[in-house]
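When the chains are written out, they are named A, B, C, D, E, F, G, H, I, J, K and L in that same order, and each has its own residue count from 1.
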Amino acid sequence: MPKANKKILVIHGPNLNLLGRREVSVYGKVNLEAINKQLKKLAAELGVALEIRQSNHEGQIVDLIGASFKKYSAILINPAAYTHTSVAIRDAVAAVSIPTVEVHLSNIYSREEFRHTSLISGVARGQICGFGIESYLLGLRAAVALIKQ
Amino acid sequence: MPKANKKILVIHGPNLNLLGRREVSVYGKVNLEAINKQLKKLAAELGVALEIRQSNHEGQIVDLIGASFKKYSAILINPAAYTHTSVAIRDAVAAVSIPTVEVHLSNIYSREEFRHTSLISGVARGQICGFGIESYLLGLRAAVALIKQ
Amino acid sequence: MPKANKKILVIHGPNLNLLGRREVSVYGKVNLEAINKQLKKLAAELGVALEIRQSNHEGQIVDLIGASFKKYSAILINPAAYTHTSVAIRDAVAAVSIPTVEVHLSNIYSREEFRHTSLISGVARGQICGFGIESYLLGLRAAVALIKQ
Amino acid sequence: MPKANKKILVIHGPNLNLLGRREVSVYGKVNLEAINKQLKKLAAELGVALEIRQSNHEGQIVDLIGASFKKYSAILINPAAYTHTSVAIRDAVAAVSIPTVEVHLSNIYSREEFRHTSLISGVARGQICGFGIESYLLGLRAAVALIKQ
Amino acid sequence: MPKANKKILVIHGPNLNLLGRREVSVYGKVNLEAINKQLKKLAAELGVALEIRQSNHEGQIVDLIGASFKKYSAILINPAAYTHTSVAIRDAVAAVSIPTVEVHLSNIYSREEFRHTSLISGVARGQICGFGIESYLLGLRAAVALIKQ
Amino acid sequence: MPKANKKILVIHGPNLNLLGRREVSVYGKVNLEAINKQLKKLAAELGVALEIRQSNHEGQIVDLIGASFKKYSAILINPAAYTHTSVAIRDAVAAVSIPTVEVHLSNIYSREEFRHTSLISGVARGQICGFGIESYLLGLRAAVALIKQ
Amino acid sequence: MPKANKKILVIHGPNLNLLGRREVSVYGKVNLEAINKQLKKLAAELGVALEIRQSNHEGQIVDLIGASFKKYSAILINPAAYTHTSVAIRDAVAAVSIPTVEVHLSNIYSREEFRHTSLISGVARGQICGFGIESYLLGLRAAVALIKQ
Amino acid sequence: MPKANKKILVIHGPNLNLLGRREVSVYGKVNLEAINKQLKKLAAELGVALEIRQSNHEGQIVDLIGASFKKYSAILINPAAYTHTSVAIRDAVAAVSIPTVEVHLSNIYSREEFRHTSLISGVARGQICGFGIESYLLGLRAAVALIKQ
Amino acid sequence: MPKANKKILVIHGPNLNLLGRREVSVYGKVNLEAINKQLKKLAAELGVALEIRQSNHEGQIVDLIGASFKKYSAILINPAAYTHTSVAIRDAVAAVSIPTVEVHLSNIYSREEFRHTSLISGVARGQICGFGIESYLLGLRAAVALIKQ
Amino acid sequence: MPKANKKILVIHGPNLNLLGRREVSVYGKVNLEAINKQLKKLAAELGVALEIRQSNHEGQIVDLIGASFKKYSAILINPAAYTHTSVAIRDAVAAVSIPTVEVHLSNIYSREEFRHTSLISGVARGQICGFGIESYLLGLRAAVALIKQ
Amino acid sequence: MPKANKKILVIHGPNLNLLGRREVSVYGKVNLEAINKQLKKLAAELGVALEIRQSNHEGQIVDLIGASFKKYSAILINPAAYTHTSVAIRDAVAAVSIPTVEVHLSNIYSREEFRHTSLISGVARGQICGFGIESYLLGLRAAVALIKQ
Amino acid sequence: MPKANKKILVIHGPNLNLLGRREVSVYGKVNLEAINKQLKKLAAELGVALEIRQSNHEGQIVDLIGASFKKYSAILINPAAYTHTSVAIRDAVAAVSIPTVEVHLSNIYSREEFRHTSLISGVARGQICGFGIESYLLGLRAAVALIKQ
């Protein structure tokens, strides 16, 4: 199958729209537009298309994943705060059986105790965290590698 | 009061719209339309009307329950993933004081540890789980029995 | 196989012989004779036979379940206090591989902390709790549905 | 009501039949006959009758308590090992609503961790432990005092 | 800067629209309109403007807080059920860096165990709970005091 | 009853005598005299009298509260370190049945883990924390509101 | 040694001076004077002398126990709130090696979770709880029995 | 003392009568008769006599152990489900002071969490698990070795 | 396959070289040479060869197990202190898929709490503990039995 | 600054006045006078002055530390039982910012579980335990070393 | 600085030498040589040099990291089993202050509970897991990205 | 016995070879050579000889301790990271029965949670922590004092 046909759903979770303004000591000055721009550039290089969405609503993210069935070859998700609290997103990922890559800007394991647990990682194929914007780019590469398998 | 006047609100929680596609080993091949059809058939037999809703949004479910006050005689809910995480749905059920029956397709007590706890069961009248589509039908009978009391 | 041949073992666990006298605020005024009478009536309607036993002895309940092999098509059990403490009854249910329905008069999840855990539910097909005498009747319907599958 | 009519059920739990042989460093050399003799002597002084039973069977103790309803004015029980594991005995005590006094020969709070929790004490009127044979005699006095109230 | 220019965002969390009907033993008979009326009256006295919103949706509350940046001088929030479950609201509060006051009608520390933990309080400036409608009025005073600093 | 007759007992717990010298990064530079002065000024405005005491001794605080019966209409207490360790102060507050307001200078929920639990809040009417000296002033308003009810 | 020479130190812990006023639903209407009067009467019958003290101060109770060495044959203590929090009183009891009887008016095991643990019971000879004023009288008998051994 | 006089009590705990039918994936197809036959054969080789009992009743097992005093030189026990729940059997073993060997057919440490804890192993001389029927044969050798010491 | 060809790797974990000097009250006076001598004698009887190694180094034990692949028919290991702390040894045992028997001289379940957990037992075929030198001999028999299967 | 001007506050916590009589198996026969004599002798050698105090009262110890500000160069404290329970002493140490050395006669880490946690050590500069009287002498040297820095 | 000069230390932890033979269901058939070959190829593309080491010894890994100071620009480590148990490797990483990337072949969060905790991730810059050999390649890209910053 | 004959084994645990480079904010700038030099100087003053070793290998430290039997009068050990994870070192210390002093440069009780537990302290005679290089010097004095006893 030609790679050019592959489409990947990118989901930015809650508060990522505030990036750049938000806790600069933790997340740096990069904003969401910059991330998306770099993701698109790399996607072009790797020969895949992207559909990018941001939502602060757990239910919308569940809707998005539920609707992704047969439309996307992989999901790249930064579940942000919902990482630690959403069984619903976990169940959605498990339900659609699309290979899913979980990414985080910060190293969630060197932050508050309640950020050390991910409900998503048990159903994702893998997880990448701590490299800032690079987490997304590596995640995109991982997603493309999963598609190729 | 004639039973024919009774109306029961049926709420399907997150990801139940995916039923049939979702984790077939756990949930079988039944889909939501089949469940609703059987529910309506049994409701007709038991002489009650049903209002059936599905939502992936915790807030919408809270809205639905909050608006049910004085409009419904009972609630039949499968809170799905929100069973384990939603204090808001629990508070909504407690607030409206309508007899509520909690149902689950699968036996939540023989699955992952985090599914063993239900925030809803403490305020529901009772719980039925593990019988697949039959859980809903038994739940509807339970709701009708509660109305009769 | 004609349903009329089907036999279901009903087991009432410890202290259920005291029903009606026991903690009326929790269990209501119904007594065991009334429950058995209603169970038999519904069994006749559903075309199944019942063998009904009550015991306060964990070992006797284990004996009963062990001896049920090839004699019963399903087990309907209210393990009462042994719900929370008996690995032996759990092992017996697992050993005989007869579909088992667990019922409770009260909603065990809205009572003391130590009643929130059921050792039986992990091996039962499903659980019904909180509907008083109706829990048994729904449980019998569930058992019959399991036999039909 | 004349005290002479009062009857108290005394229950010795599991392994108390071995007393005198059993772990002498913990329980001393006293045996069950000696305890019963002193209990009867004190009962005579206090004008109450005693029915004394020992059992190693949780179910028999549940039976005994269940049958005590309207026959005894109080229960004096040393649940021994079942103190820490029996929800069934707890439920039996709660069911019959007869004032119950829990006694222990040894100080259960200065022994192994798992002996620090009593499932019985939450439904008993009070508890006496650590005074050897004297625990029983004080317990009998407590039971008589409860009857008088 | 003249106080009259200051604007405070007031957020009422899930189920607060049901106030007055909801669990009267816990929350009393006051309803949301009454609270808002008293808040506006006090705001006028203290020379600040209010923007008041109620939502049952976690995502909407996150949206509201995210959009508050540079528009409000303080946030007064009763996160209700989301107090105990929403990392997303916590992150939103932390992201916008607007001084935030957390209020509760009831004393959350004398209710169920799961209400004793607040995910919000770690990022709020302070918390006020237990005084019913007065919690809001004191919270507004606290917010105004924070603005003045 | 005219408000002017009302008297409120203000208790400053251990180490508050060191305020101003103590951990300036946490508590700021305000000292106890400044707090008391502002409290007295506000009390005059609100038409209540104050009795103000500071003690480092758990027993003295228990004595003070025990002796407050029928002499004070409300208690305003900053239990400081005893918040987290004193069942005795909790019992004293419960014993005298005088409406009690718990205040803290700092936000105890954003400090060390062991400061997240308050033994007092379960018996106080409400709690205010995190607003520095303003916590006391809001607490005094809360106490006056409780008296008026 | 003649019993008449024996002296027992009776210690009433924090808030027991408030008895009769304090939480009547838990402790009944009996007050400390009534308890002391009955204790003295029984002591006379049993041929022992009593020294009775009440204190709200952990340190004073430690002082009292420390000073009891060689002056008393036994200690009868109701540590009240300090039961659950005082390692210092535990250490004092262990240090003086005088047989000590721990008593409680209420059944501490049927109250709040934090009252289920006693730091004192590990070093006391035994514990009596739940019988109201009778707990003290039985405790005195237990102390006299310990002296006789 | 001649070995031929030695007698060992073998106790099979609950549900072992079902062996061969029970969870074949865990326990294999061996049944109790086969185990007993092999045990007897090995006993003859080792010059000891066996008394073999199976019971589903915790109380009967306690009775058996209590009655073993001075009649048996060792006990070989597979407590099965009671391994994890019976303080009474633990106390019985401790009481009779006969060297006791605990055996399990399956490796209890690679099964469910609640099977990882043995209440018996703390008072047994040693434990053997995971070798199927061989666990019993090794256990018999261990018992004989203990007798010889 | 003739048994004489079979070779078993015996691994003695950390500090077992000190046996005989080490905590005689726990381990007795036997030393490692005596154990090895008896193991070799029994191996000759059972027709298997032994390779015996002792190491205090977790890494060396991992090396040994990793190198055992296709060279040994079974492993007999006393992981000593590493029982409770080494995931690496667990992974090595799982990796080589050679049937492994875990033995301990002492009964690890009647010692300190931290010795009650074995990381190895989840991947070993079975465990034998508490019989001193006999644990090794029984373990060797178990290993031979596993090879024969 | 000449060392001779330095003054160190030595605080002996609860029950240390009983030393020599108290649990000789744990603390040996040394008494407080002997410790103080040796401390003074060493202080003279090291050129520092000592102020030595003993108290059984948590509040007095808090008072002492609070009053030490600008009067002492270091604090040497054996908080004894308050080590494990006093947040107030912890706060006092933190408040005065005087370098503090915590000492214990016994090794608190080889005693009861509840003695393994020190609330003081988090704010002390360091801790010395287990060396009997030598703990104090080493602690004094440590304090002098801290002053010199 | 020219990238060509950059050198990265790659550390493979315990049992990775067994890859390909080890638990194929978890790790697939890839072996260490294949991984190293692909790593070297990518390193050449990215213009960095690699030093690759495998060790089963915790101490050797600590030695390696300690010696890496000023010799390497980054560390790429798969700590394998030591991920969950080694504070020493954690301390080594923290000590040398070289940017470190943690990788895992499998998704450690969907395996046994004890593999969900990483002692290393708290001091690593980021973590990548679950992508098999791709985890290493992405990790190398992450390391190069960290060097460039 | 003349003190000059006494020899003490000094063991520096993992990563201490990096001292001076390692986390300067925690450990200061002192390096291992400086510590050893000061230790030797003090040893000369106190009339004892030292054997000083550093190792990053748990197994080597176990070897060292095992070999110390009858060669050294005391052990002075800074187990560093192995403090919190090594049962093997604990067992080695217990096995050789040589008085052992545990020292730490930093105050382990004011660092991360997992550093608050020492597996070594339960078998060491005492512990000294938090005084930097002075911890070692005081530890040497403690070791000499233990030898003298």
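By definition in this document, contacts are C-beta pairs under 8 Å (C-beta built on N, C-alpha and C of every residue); 3 or more make two chains touch, one makes a residue touch a chain.
Treat the numbers as computed from the prediction; the structure is a model and nothing was measured.
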Shortest path length from chain I to chain K (each step joins two touching chains): 1
If over half the contact pairs have to be identical by residue number, which pair among A-K, G-J or E-F is the repeat of I-K? G-J
Indicate whether more than half of the residue numbers at the chain F-chain J interface occur in both copies; give same if so and different if not. different
Chain centre separation in whole Å, for chain E relative to chain C (CA means): 48
When the centre of a chain is set as the mean of its C-alpha atoms, what distance in Å lies between chain D and chain G? 23
In whole angstrom, the CA-centroid distance of chain E from chain I equals 63
Could you list which residues of chain L touch at least two other chains? 57-60, 85
Sort out which chains touch which and give me every pair. A-B, A-E, A-K, B-C, B-E, C-D, C-H, D-G, D-H, E-F, F-G, F-J, G-J, H-I, I-K, I-L, J-L, K-L
Inside the complex, what are the residues of chain G that reach chain D? 107, 109-110, 116-118, 121-131, 134-135, 138, 141-142, 145-146
How about chain A: which of its residues touch chain E in the complex? 13-15, 17-18, 21-23, 55-60, 80-82, 84-85, 114-115
Mind pulling up the chain F residues that touch chain G in the complex? 57-60, 62-63, 66, 69, 85-88, 90-92, 94-96, 119
